[in-house]
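Down below are the structures I want you to see.
Two complexes are shown next, each including subunit A; its partner changes from subunit B in the first to subunit C in the second.
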Partner chain A sequence: MSNTQALSTADKWFRAYQALDQTADPGWMQSLRENAAKQLSVNGLPHRKIEEWKYTPLRRLENLELQTRNQREIPPVDTQFPAAIAEPSALVIDISDGSLQSRQETPDGLTINSLAGGLGKYEDRLRSLCEATDLSGPGRAFAALNTAFLDQGLLIHAGAGVKAGSILIRWAFSPAEAARLDNFRVFVLLDAGAELAVIEQFESTVGTENALNVISQVELGKGAALEHVRVQLESDRCSLLTSTSIRQAADSRYTYSGFDLGGGLVRHEIDASLTGPGAHAEIRGAFVLDGSRYVDNHVSVDHVSAGCTSQQFFRGVLGGRSRGVFNGRALIRAGADGSVVKQSNANLLLSGLAEMDTKPELEIYADEVEASHGATVGQLDEAAVFYLRTRGLSDAQARRMLTAAFCHAVTDQLENRTLADRLSVLLDEAMPDEPPETGRED
Partner chain B sequence: MLEIKNLHATVGGKPILKGLNLKVSDGEVHAIMGPNGAGKSTLGNVIAGRDGYDVTAGEVLYKGADLLQLEPEERACEGIFLAFQYPVEIPGVNNTYFLRAALNAQRKYRGEPELDSMQFLKLVREKLHILHISDDLMHRAVNEGFSGGEKKRNEIFQMAVLEPSLAILDETDSGLDIDALRLVAEGVNRLRSEDRSIIVVTHYQRLLDHIVPDVVHVLADGKIVASGDADLALKLEEKGYTWLEQGGIQPLNEEARV
Partner chain C sequence: MSNEQTKADPSSVDHFVQQKYQHGFVTEIESETVPPGLDENVIRWISARKEEPGWLLEWRLDAYRQWLNMTPPDWAHLEIDPIDFQAISYFSAPKSDKDKPQSLDEVDPKLLETYDKLGVPLHERARLAGVAVDAVFDSISIGTTFRDELMKAGVIFCSFSEAVKDHPELVRKYLGTVVPSRDNFFAALNSAVFSDGSFVFIPRGVRCPMELSTYFRINAAETGQFERTLIIAEDSSYVSYLEGCTAPMRDENQLHAAVVELVALEQAEIKYSTVQNWYPGDENGVGGIYNFVTKRGDCRGARSKISWTQVETGSAITWKYPSCVLRGDHSVGEFYSVALTNNCQQADTGTKMIHIGRETRSKIISKGISAGRGQNAYRGLVRVAKKADKARNFTQCDSMLIGKGCGAHTFPYIEVSNPSAKVEHEATTSRIGEDQMFYCLQRGISEEDAVSMIVDGFCKQVFRELPMEFAVEAKALLEVRLEGAVG
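Now for the complex of A and B:
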């Protein structure tokens, strides 16, 4: 996106902000929006000169219209997901076109509400979370956009010690006349010792261009545990931008497992902050790309406190003219002694036109830190392909089997084996049929 | 079963097989011996259809038809099995899953119904039991982290499950202790039947104590330079290949020459 183009798209979105009717909202929210809208208007959208965004093909977002509240009737989610990924007992929350559709009865100690509904009891917590969102500079333009349109949101709260089971969030789009961009915010608050699994599935089977810009804010109290799974199977006309920040108290545990098996432009920012001793963050994902799709994982773990552990583990498969980005950062601050940090990103290029940019960044200012990192970009092992073929598998079958196996390294790490098995099936189905690349002309 | 006439092949442009003739009839077991670098593995790879192994002259007939125009998987489905000298490690692909997919691909090719996982498990248990192989092999990724002996056992196990018409065992006995060697021999002997043929590539006579071959060939510098009965292997063991080079044996017998 050129500088001028970036400004005019931001201007267009700024005008949509000006048209918002905010009269019923609390004052802090109005001024938060106003400040965010100003940031957006001043800084514009990210462009190629901004290091963090230099690969992201934002051009496809330029023509999208912002949808503000109460503009349309929203039909219920009609899921086409090929397989159930959450256990049948999971609570289901539908978010269609950026609007919360359903709320279920929740067990004691678990609260699920919309942002508006949560304002009464949770106003102070939500406000401080919203105000903590970094909006400065063009690199944070989508956070500013999201905040300027702060309206639709989901609050999940589990009280101290509550074993809250699992929640399935189904994100979907309905057919719409206009190409649209929706903003949404998710708050997940787990008090000390609470446990929860949140499984998000993103799908969009409709043909229209659309985009979803989601900010998720997670707070984990002492010893709390959140298992966070994302499975994204959108059409390649969909864009998905997520920004997830996790603040972790002592001995808390956050695991993220992201599977990007669809989508045209996908970017996940995941920032975990380990603020109490013994906190643990495990952030992993697999993506499978073909065509001219783009998936970007920007992961950052901040070791603030001593004795914390973190892992980043990503596997990418890239065919066609697709492009992938992995940017994995770990910051071990002074005093965060005894931290353990692992990073691994391996990628398979199935086509000579695909491109992967992988960048691990480790910054260590503490003592007795155990750190390891590795990043590779390679091709399928042709000896293995031949071996499988000599046993009767077709060339395509052999390649699919090897490619899937490569991605299973991610599902293998899930402790919940039933969930892992379901995810493996989805992965297997997502394997591209890429013709072998070179050296087979003989 | 297999008829190779005047086979010339290059590997990476370098001539390796230089006019090789070999005829293996139904039900026969042939042993191929020969010095390192003679082209034994190259022969196996050419028969299996590996890329980069280019046939520049000659022909290979399998069950009377041209083998060389088939893809590797078609050859497998037609009943050819190569036990690799160096089986490939395939991380992340479960042995059971892989072998069921392979067997079902072959069954499908032959128009037979595919086996579901229960049926397959039953078959696998039988074969494991017969071959005295522990079933933990089945829970691991294909050859990953297997010891040399385990890899060779796994090749024999695959052969037992896939029941090929023509099996080529490329130094499957190398580096095996006596128990594993017996197992390999057992696997081969069980497969022996009137409509199956087996080519055993080996350096050592000791395997041939357990698998008595119908014909023994010596492959040197890309050609079969001598053929004989099982006694030839004994003589080679005793006197070494230099004995051959010094003209210790008559030229090829006519049968092996085709």
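Now for the complex of A and C:
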């Protein structure tokens, strides 16, 4: 997307903002939106010259229409939600076209509400979270867009010490004629010692060319633990721009496992800030790409306090004309002594037309740290393929098995074994069929 | 041994880290310098004074016009005050230049004295060390040794200005083919105003009989130095080139924007080694050289090899990415680097390995050492193009932190679009451990020796690649800059 095109798309969206009816909303929200819309209008959309977006092809977003409030008043109909991937005991929340569809009764200590519903009791917390979102510069254009259209959202809150079980969030699009871009916001607040698992399932049954721009903000109190799993099986005409920012107090624990097995243009930003001593963030993911899919994982972990640990672990398999991007960053601030950082990204390129771009960054301002990173792009070990062939497997079977095993390194780390087994099956099914074009013995 | 000695005393750290720059002195020689500022007239003046042909003037002017539309790069992990390019003088030459000395005896004794202070092996020492030296003082060459011996082998080793006069066809054929004048802001600036530099041509099948060496030195105050080096190795030839530099102490920031172009044809090998020890500024970050360098090697021929080895210990700002374009099939690129930042020094350095040909290989070994408030960043790119079948890269970049106020950063870019490529990157960050120090101290090794030993071990992989004299100098340099700096 060239610079001028980026501006014109942003302009179009700015005009949509101006048509928004805001009279019923609190003043702070109106001024927040106004500021965000101004940022969007001034900076435009990111383009190739913006370092953080240099690989992301945004062209397919140009013609999308924004859904504004008037259109939202008609609830989406006919949305087909996929079968739930999580265990039956999980609470299910359905979100269609960026609006909350259903929610179930919640146990004591757990609150699930829409953004509008949460404004009474949680207004101050939500406001400070919204206002803390960085909107400056073209690199933050989608955060600005999301804030300018701040309207639909989901609030999940677990009180101190509550073991809240698991929640499944299913995202889907309804069949619609025009291609749309929806904005949505998720707030997850876990008070001290609370524990929760959130499983997100992105899977539409329709193949419409839609886009979803979601910002999730997570606040973990002292000793709180959130297990976050994302399973993404969208159609290849779908665009997903999602960002999750996590603020972690002392001894809290955030675990993320992302599985990108679909989607046309997918970009997920994860931004964890370890503000309390002893906090731990574990961020891992697997992506299996074919066709002309684009999947970008942008991970950043900020070690603010001493004694925090973090791990980034991503595995990618790329076939067809797909393109994968991994950008992992770990920042260790002065004073964050005793930090331990591990980054690892390994990728298998299966096709001559696929491309993988990886950039594991370390930025370190403290000296008592242990930091290491590794990144590889390569092929399967031919000796391992040979071994399997001596056991009677065909070349294709051997390669499929090894490629799948390569990705199982991520599912193996999941604590929820039932879910891990299901994900392993999904991973196996997603393996591209094409064998590598070179390096074959037969 | 007393208890005090066995502990890493922070005050001794300060003492050692604050070692003064040994080569800080200014030789008072009258210089012919153009007034500060840059416009087309300055470029015409430089070109006329150097009696350059018309095509070169046009090339300079073209670069200047492109430069006017460019902005200084801001992506590096560096904090730089804006540079006023109109406050810099773009040419400075020792006054006795018109009547160039024919032998070293005729050289201004004050100049020779400067080289003596720096330990430049220009005459006897040069002969003993078997080194031919093309010494650049400020912006113009003043003496070249071993020219005859090299001539016998067919090797051309001269200043860039001489090459323009004596071998214009070679210069015209290769100049700007590796680093085009529009490549980046500083390369464009260099192309417009480059003063002098070295030119090396190794003909087909010749193994250069000695290591070639150039000592750079910045002298006149507020004078930017814009070196241009061009090395061409024809088919099946070999050359090892050494570049080293020191600079006098002063308070004004000095800009240095060099361009180095290497061309390796079929089966040729070029080994380029640098020890960079320019004035880094004082402990408060006042003064010091701004070093913006574009170095790139083009492995044009099949089975060619280019190897960069650098030891970067000086300069207030280092912005430098010696790169290899691996165009020829089976060509090899290597990059070995030790970068040290102390006090307020900042370095953003690394390499680019662009794999284009089949079965090309590259290796990157980078060692960054940060002390004081130094900021040291490795920035590297490994790109495997679609057609670079079976390309292979291995990258290792390690950082060592000495002290609480410094930073070590790694920004490796890996872009692979060939499924048969193998690219590996690994990096670690560590510090000199208290246990390591304790072990050395209780064996009776002094604190300075222990640090020196640990750092030396950390850098060994790179030092091994340096020619012997350079390895000794590099090791000594690190010792001086880091003795006792235990965090």
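General observations
Throughout what follows, the second predicted complex is superposed on the first by the 422 of 442 C-alpha atoms of A that agree within 3 Å, B and C clash if a C-alpha of one lies under 4 Å from a C-alpha of the other, contacts with A are read in each partner's own complex, and residues count from 1 in each chain.
In this text, a contact is a pair of C-beta atoms (placed from the backbone, for glycine too) under 8 Å apart; a residue touches a chain by one contact, two chains touch by 3 or more.
Computed from a prediction, not measured in an experiment: that's the story for all the values here.
Of the two partner chains, subunit B is the only one that A:Tyr387 touches; subunit C does not reach it.
Using the contact criterion defined above for the overlaid structures, shared-chain residue A:Leu350 touches subunit C, although it does not reach subunit B.
When the two structures are aligned on the shared chain, A:His373 is found in touch with subunit C, with no touch to subunit B. With both complexes superposed, C is the one of subunit B and subunit C in contact with more subunit A residues.
Of the two partner chains placed around the shared chain by superposition, subunit C is the only one that A:Lys359 touches, whereas subunit B remains out of contact. Residue contacts after overlaying the shared chain place A:Ala334 against subunit C, while subunit B stays out of touching range.
In the superposition on chain A, contact is made by A:Leu402 with subunit B only, not with subunit C.
Residue overlap on subunit A between the subunit B contacts of one complex and the subunit C contacts of the other covers 439. Residue ranges of subunit A in contact with subunit C, taken from their complex: 51, 334, 347, 349-379, 436-439. Against subunit A, the residues of subunit C that register as touching in their complex are 75, 77, 384, 386, 389-390, 399, 401-431, 487. If you check the complex, the residues on subunit B that touch subunit A are 48-52, 54, 71-73, 75-77, 80-82, 84, 87-93, 98-99, 101-103, 105-106, 109, 141, 158, 162.
Residues 381-384, 386-395, 397-398, 401-402, 404-406, 408-409, 412, 439-440, 442 of subunit A are the ones touching subunit B in the complex.
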